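Look for chain A in each of the two complexes below; its partner is chain B in the first and chain C in the second.
Right, the complex of A and B next:
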């Protein structure tokens, strides 16, 4: 168990060190998300009174699109020099590799979300009246995006049209996550909706738990094949 | 760290790519303390055989088995016992040599040990360059880093695909001395090579592949190497 923990930490640390040295993924994700926010701002700012209605949707679409950029690049560094084989030929378990890569993707996405959300809240003048629900939806939703994205990113690593295929495969699976995220965020920003955020948060938690087990299991089968 | 006794066997191994047989009924066994040179012309199946023995490729027929200290080993135990150095070096170009070695030491299930990593860097001749990103290294220095990966992993068997690639003459001599030292310490080394002088210098056994079949399994040394290369030349004629 200690050995697996050390291997997990080593892989996450390696990915973070390489990222902070090259700044390829984070910078691209952050710039893309900010660009999206600006486009949305021009599209919707003509009617600022309805910001609470469309703000949650803008938040989740931005997070979904920007996280896809990170997912597309997540295994690129393992391809150079055949490094994925250094992981697979080591005694490190496939489950440990998966959890480490998903954690890296989670950290990248959360780091991207911080400035993006700040920008959205300021641009659209959105108040966060229920910060707990807001943070809970973002964290649970981002975990779901990271789990599903990591699995399919690995699966499509060598696919010729990976950039196109990844969203085609993951978005249908992630639609419920986005819907739940929008529902909770709507309540969190004080939109006039009759939703119980607790139900949607429990849904997100359940989604994360089911997909954590399913993706962990599938990754082990798929990656060695 | 004690080197464990390994017995690595390939039993009627077949490997197919499309319609082409890369390996045909290859039967081979190798044990600790041997340095087996896998020889053959380009496309004979050397890389495929080494990849199958190291677990990088699965055989399409037959099987590969590993015993450690007389007990069958599979999964993580087998992967921990065998270290591979293929053509693609399996090292991270954006990490320094020191970071790479520390990382692979942890992946191999060993506790990180900075002093040991420094010792290995000195052994592979990169003591002064250990804190530079591998991307800035020459091919030979990258090859040394990749060999360092095997040293920190503590693997009981090394599978090396043309390991002198990119090394200068002194680097070749250093590597051959390192391999002889590892074999003397009880490690099993399997390596492919196209250079008779390298094979004669360190191999205890020679295996010649021709169109995916083992056509010669003989001794190493100067005479054995000469016979193996003569067999290859005969096959070419």
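Right, the complex of A and C next:
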């Protein structure tokens, strides 16, 4: 157990250190998401008075698309020189490797979300009426995105059309996350909706728990070609 | 190949039964069940539409089960894994066909019944998502490689689809508001209608079973041909 934790920390630290040196993934995700926000502004802001109605949707679409951009590159470094196979050959369990990569993806996406959300809140003039619910939905939702995205990003590492296949495969599974996330974020920015954020936050938590176990378990089974 | 021939014979029997069932159902639908008061003949789309939808869901469940069997038996028994894999692709292809039927006949019925081709009502949304998951499965099989890796990914997707479908269902049911949606598939009061409905569901079940069985057999043959090719390559290469 301690050994698995140390291996987990080692892999996460390796990925974060390598990424912070080049900042490839972080910059691509951040730039893409900010450009997407600007496009959304032009697409929707002809009626700024109703920004609270579509603002949450824009937040979640941006987060979803940008995290997919990051997931496409997540295993790029592992593909070169057969690094992933070397990792699997090491005494590290497959599940530990998966959780480490998913955590890395989580960190990258959360870091990307910070400037993006700031931009959205400013451009669309959204107040954060309930910051706890706002942050909670985003964190829980990003965990879900990271888990599902990392699993399929790993499996599709060598596939020909992985940039298209990854969203095609992950988005149907992540639709409940988007639904729940938009519901909570709508309440959090003060939109006049009659929703109980607690229910939807519990929904997201349940989704995270079940999919964490399922993806963690399946990674080991699927990766052994 | 005696075992193979047995399954082919079962398939032929199933096909004959399915044909008979479809003929019976068509007769009941058009000649026994009465014309519905407000919708007229368009209401009769409903009979095969519901049968297709139910069987699409059943196919998804079987696909997920096959995927789990594939991943579990892959390190142990290559034959069980191959059969499970064949069942997986067969149910996915038939499921996509059924989904296409559901998503085309549904709007045709809805335009007359509700005045609009599509609503984001829970049952429709769920059918759409199941269809999309099937399409994703087939895309994975086609483009993520037909090697063990590609088949493993598709199997994983079908397994994750089970909790995925549960969460999608809960989410879309609460999406439109806290109150549960009214079931629109009620109200088959006339016994003729009930007979036709029952017959068409059974007919679609038999058709689905026949198609899945036949496709599985074709896939098994393809696997055997592939293995022979590899054998030839290995011995002469």
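One rule holds for everything that comes next: the second predicted complex is superposed on the first by the 225 of 225 C-alpha atoms of A that agree within 3 Å, B and C clash if a C-alpha of one lies under 4 Å from a C-alpha of the other, contacts with A are read in each partner's own complex, and residues count from 1 in each chain.
We adopt the following convention: contacts are C-beta pairs under 8 Å (C-beta built on N, C-alpha and C of every residue); 3 or more make two chains touch, one makes a residue touch a chain.
It should be emphasised that the depicted structure is a prediction, and the values quoted were computed from it without experimental measurement.
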Per-residue touch tally on chain A - higher for chain B or for chain C
C
Look at A:6 in the shared chain and tell me whether it touches chain B only, chain C only, both, or neither; answer first, second, both or neither.
first
What is the contact status of A:54 with respect to chain B (first) and chain C (second): first, second, both, or neither?
neither
By the touch definition at the top of the document, which applies to A:87: first (chain B), second (chain C), both, or neither?
first
Who does A:159 touch here: chain B (first), chain C (second), both, or neither?
second
Please indicate which partner A:77 is in contact with in the superposed arrangement: first for chain B, second for chain C, both, or neither.
first
Thinking of the overlay built on chain A, is A:32 touched by chain B (first), by chain C (second), by both, or by neither?
neither
Just to be sure I follow: which residues of chain A are touched by chain B in one complex and then by chain C in the other one?
none
The answer for chain B against chain A in the complex is residues 54-56, 76-77, 79-80, 82-84, 86, 88-95, 99, 103-104, 106-109, 111-112, 133, 149, 153
Of all residues in chain A, which touch chain B in the complex?
3, 6-7, 10-11, 14, 17-18, 21-22, 77, 80-83, 85-87, 89-93
Can you list the residues on chain A that touch chain C in the complex?
148, 151-152, 155-156, 158-162, 165, 168-169, 172-173, 175-176, 179-180, 183, 194, 199, 203, 206-207, 210-211, 214-215, 218, 221-225
Chain A-touching residues of chain C, taken from the complex the two chains share
71-72, 74-75, 129, 132-133, 135-136, 139-140, 143-145, 147-150, 152-153, 155-157, 159-161, 163-164, 167-168, 170-172, 174-175, 178
